[in-house]
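Naming follows writing order (A, B, C, D, E and F), and every chain is counted from residue 1.
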């Protein structure tokens, strides 16, 4: 999918963040920087990674003062290294200072997710597994974090509980308590869900995987298996369903997992544990 | 400050998170779990730390179904270790499953912040430094994350740009470009800001610290100094202003920093880098 | 899927409708009916069909006055005939009168959709086709109208553009203009979309249907074909993909369409052209 | 009244409809149409009627992409026949496809109401009755539907319960239960309501009409009478009050009703039963 | 009209006021009053007037803490004198202190409007003029202030520009610039406005008043005339239209104005200049 | 502080006020003024004072019609006298008339506050007291009213309960009931509040003032003292804390209060009792 972002949503999120931060009543700046003083600044990378979040930077400064001009030097998806000039910002100094933190917070967080995604994607280069996110996102920021995953070369899993079927152990247990087999539960979902949705089932063993694929599951989530067991499952499934590896994925083991032949590798860490990328705004000149 | 939380705000944040997650149209659960099946679950700690976020767990299940009963076994601030039973939840199974992730996401994130705060607070035990947060919070969740800091034994810095004065290097540079001294900038803030606010100034050297305190600053932020230099500043200031250490605070160096005699130690990591605490919801029994 | 409805959403929609109708400042009622006068009313069907919308009736009266009691006599999905008593309402008369129209508007509209759905479902009884809705819903009411379709025995298509892939003629034409074949376009969607989504393709001829299924489409939408042509396509596809009939579906031709063997029959008329069911609220007694 | 529309409200309604339809995350278009491919389209009438809704079409495409240009060829109120070119749209193809359905839904619905209104208005040409709407509008769309009635040559009744007095049978019955005559109820409303409002009373017989006009009602609503009875009432009232016919108005009987001499003819069908006008968007050319 | 108030609107206004006042993060109270300390308080009048606003007091304390009990001793509309006990409040002390100011601000403001209204109403006792408000209300509080006018014995004018016709000098001048007479302008409004609205015209002289009533105006607003001139107009109009006096109404001249025979006396001062009534909350006992 | 205003907030407040006033459905104007008639108007002062609120006037006309041009002739803070031309407005006449009242209401109210503030500020000229506002502001308009105070030369007190500590008599009484001294309560606040906040304490006697300053209070609020007693307190405090006079401040006694040497004089009347400044919009020419 191209890296589309709903700009109206971006503006609402940025606006809310600026209000939360009191950016429109920045008492320090209002009392120490006159309205006609101007400034020039540069966003500089202090780290290696992938840029993500420029639309939020543009939106943040646009929101604090329409007279600020942001000139991107790089686009989302660009590789960053120490010293990379990401963008220049110029205009009245006071609102630049008032909007700085929200802009940086967004840029660092999203670039962190894009960078981690890129590392996992690079680690499986040449193999057939796609790297995807999960629902372990920051409340309120899911659209943005999924965007960052795409910017980093990854793909998205279902957006939420409403737009995809994933039968987990608790759903299966609930069925068993009523005397239903794994296949019965799959058929119940198939009957009730829209015909446009694939049915994914989480399994914890080779036997469950076999039962699920025999019952017509479209995707088999192999939960917390080691790569050899995954490989056995992939071989058994033999293309009758997609396979997804999940649980404990790290930069160290992701290639081994991919080599098992799974189609998808999902990782919650892309969104809940990505380290913020170090980016700073250097105000370079100040004129009275 | 007592650990007060605006419950209406809590409900709005939780409701928004549930909508983002599609919890009211959970197609998997709706198609596989009948409305009259019931369940009992327990929130269990898988980690050591401090509990924070119970009001959000209560609000999450209340929002998905008024018939779910949440019975807290521990209160926010309680110490956790592997196996601690945090709360029980009982009621119709389907909405329990639909609300589970949002409840866990909130609980894990806030407990992570409270736990990291507690570690820093414990590390400076017996010394006079208070541990405080910064503005490097998650957009939209600042009120909650500051609450978690208090739960962990820390204190809060200013809420945002509107309710405190913190003169940073860029404000000073803006003044210098207009021919103003550090003292001039402080006086300008004092003149413009409400009389209820203290004036804090960020300094990068002993000399700047001396200049700031002589000019009447109420709080001196010692930016990225090493403990010996901090100690020299504290000695020179001699109680004429509060001192705050900031920059690169870790669990390893926090006691050394505190031993320099600073009054406040602020750490962005409490909110932007706290590891989520591992907590799970175990569905223990299921009745048809 | 069970007929779940997000009650908080229901309350918001009903509240907005009541505000739009000025129900909280009903000048006629406020000036002619004293606050302590009570009334009893009955919702009566004046028509044959299927009931849908009781949660909105309950929410409407709850919103205008907590002292009104609504006693449903039938549940959503119940068959209605002339004279069926749907529910009784009792309480202070003034708010009953102020909320009456919004309650009726909702009930009549949703029962209309459920009733039309039921007629189509009954018409294909014994065959394998499921009746589904489309995106031609009333702006702002999609969740409710899809619920009414389910109440009437139908199923739902994708919720919106974000949660399902449906490649239409314009998407194919856009590809052709860039030198892409139908198969290329399908592969492009497969590559970009989440692995949880099926790929549906709209085709207008037997040849296109063959091309689509050979290229791996999961669902083939047979657009405006006559039943014999549909039957040829179904035979050719032979279970390799689901088949969906769309365009010009009526109560008169739906069985013939189903007899062609298609899996799904979608009809925009369920939501954009269902006649409101005639239901009235009779105020039976009034006490001073 | 001129056909004024609050453009900010229009934008909010359109924006909400686009979000409901997932137009900003149109996965099919995003995965099959590149951002730089352009398209030209034409809105064409497939039916005879009156155009209404162009401001919503403009707002819809403006919302999905500021780079789309909409060139209206006809204005709201223009007569349509099969093949009439309503407007051209040109710009990036992807957002045109994503916004198409919301634009069409709005245009078809409002043109349907304007067209039906025009038919009734034309049917009473040369007589003194004005055609007006009722409160039986679609929840959330009342402002738009009333606009469409005006575009079709009709007039509006009161907006809602708050801005006009209409004493109905239940209000009269409530009064009778407390020993009040029809005249008493009218005087109660007159006393309580703003002096800027006329008092309208619904009557079901010649005798009630006489009683109401004698008691000073400003408008007499003749409920479900046949034209001869209406004519008797009009003659008796003799200009002392306005007369309004309501109930069972159709294109077939509206002229007979008007010939009875009533001032106003109100019809719920204008808004709850107008058939959507058939309008399509033909994408004419596509360039890579 | 009875003194109905939309309680949901009341709750939203009160909630917004509490948030604006930071009542859910009242740092003073949170740091000095423990959660388990309780208090009892009494709202006492320090002034003479009419009580209005009790539903807002109840809503304010309900919003800050569900455990606070408010026991009204008087109802809206009750006369107040120095020392009148209006209500008692009991519960946890901290939220009582946090909500006190918003409750008082609302109560004092609305009681001020009700009291001023009552003084004008009493001043015209025995005469036929009703006292009404204008559109000069506080932005955001119009519904509440109109309620206070009713509580004080007054009536309401049109709610806003959308629900009543009032042709002012600028509308007449706009007509004259296009060659239209006063009668032409009235007919234009009559033609365009809903038949449920009366047509009011502002006139500045006896001649204009005659012209307006001859042209069929329903209400004649006599703008800034002295009582004798009003009396001449009233005599000339002779019941063919209602008459409204406006401009410079004070407690000193209102009876003289009423004696001119006008039906309505409107006063902007009821809402834009009413002095807040002095009411205080005395915390009587405090238990640890 | 410079007179910064959050323009997005201004637009939201103005938009809400226009909707409340029905400005987008102004039936009188829509039926009597054609869309192509134009007008020119001038805002004229009818009074002496200080201008405040021009951004709201600009926003109001911008909201009703983008084609209206507002040309300010004076800026906020300018002195006004009878006849001062404040601004010109030109464009389509109809929306000018529809937006007029909201623009005037805002301008008159805020100029009233700025003017009263200026009178108090001028009255203490040459002395060291700053004039500040309180929390007795109009619900929903606090940001605007504080702005007007600054425009008039005053300063702001804390924004709300969340951003400043002010220990009042009830907080002290709550402490006493638990056996705490005034100093204990101050220390409790100091311990719990952010280190960025000053601690202010309300005292009612010389003795309490001494006790508070000895206990380390940063600001002493001298409640309802007469100037000689204030002077004694100021002398005793001798610069160890700021002093604030509050209660019963009028234009007549403000200079005597200031001469007592207090640093701050706070007055609720600036926002709850400022008389609206008389400003009118004269439509000067009208062209067909």
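One rule holds in what follows: contacts are C-beta pairs under 8 Å (C-beta built on N, C-alpha and C of every residue); 3 or more make two chains touch, one makes a residue touch a chain.
Since the model is a prediction, treat every value here as computed from it, not as a measurement.
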item: Shared chain contacts [chain A and chain E, defined touch]; value: B, C, D, F
item: Most widely separated chain from chain A, with each centre as the mean of CA atoms; value: E
item: Comparison of E-F and A-C (more C-beta pairs in contact); value: E-F
item: Chain E against chain C, contact positions shared by both copies (same if over half, else different); value: different
item: From the options A-C, A-F or D-E, the pair that copies B-C, where over half of the contact pairs coincide; value: A-F
item: Whole-Å gap separating chain B and chain F, where each centre is the average of the chain's CA atoms; value: 34
item: Chain centre separation (chain A, chain B; CA means) in Å; value: 23
item: Rounded Å distance, chain B centre to chain D centre (Cα mean); value: 53
item: Whole-Å gap between the CA centroids of chain D and chain F; value: 45
item: Shared-contact residues (touching 2 or more other chains) in chain A; value: 1-2, 24-25, 27, 30-31, 34, 159, 162-166, 192-194, 197
item: All pairs of touching chains, each written as two labels joined by a dash; value: A-B, A-C, A-D, A-F, B-C, B-E, B-F, C-D, C-E, D-E, D-F, E-F
item: For the chain E and chain D complex, residues of the former touching the latter; value: 1-2, 130, 132, 155-159, 162-166, 192-198, 200, 219, 242, 244, 263-264
item: For the chain C and chain D complex, residues of the former touching the latter; value: 13, 16-17, 20-34, 37, 39, 93, 97-98, 101-102, 105-106, 135-136, 138-142, 159-168, 170-171, 173-175, 177-179, 185, 188-189, 191-194, 197, 272-273, 275-276, 283, 286-288
item: Complex contact set, residues of chain C against chain B; value: 1-2, 4, 6, 8-9, 143, 159
item: Chain A-touching residues of chain D, taken from the complex the two chains share; value: 15, 24-25, 27, 30-31, 34-35, 63
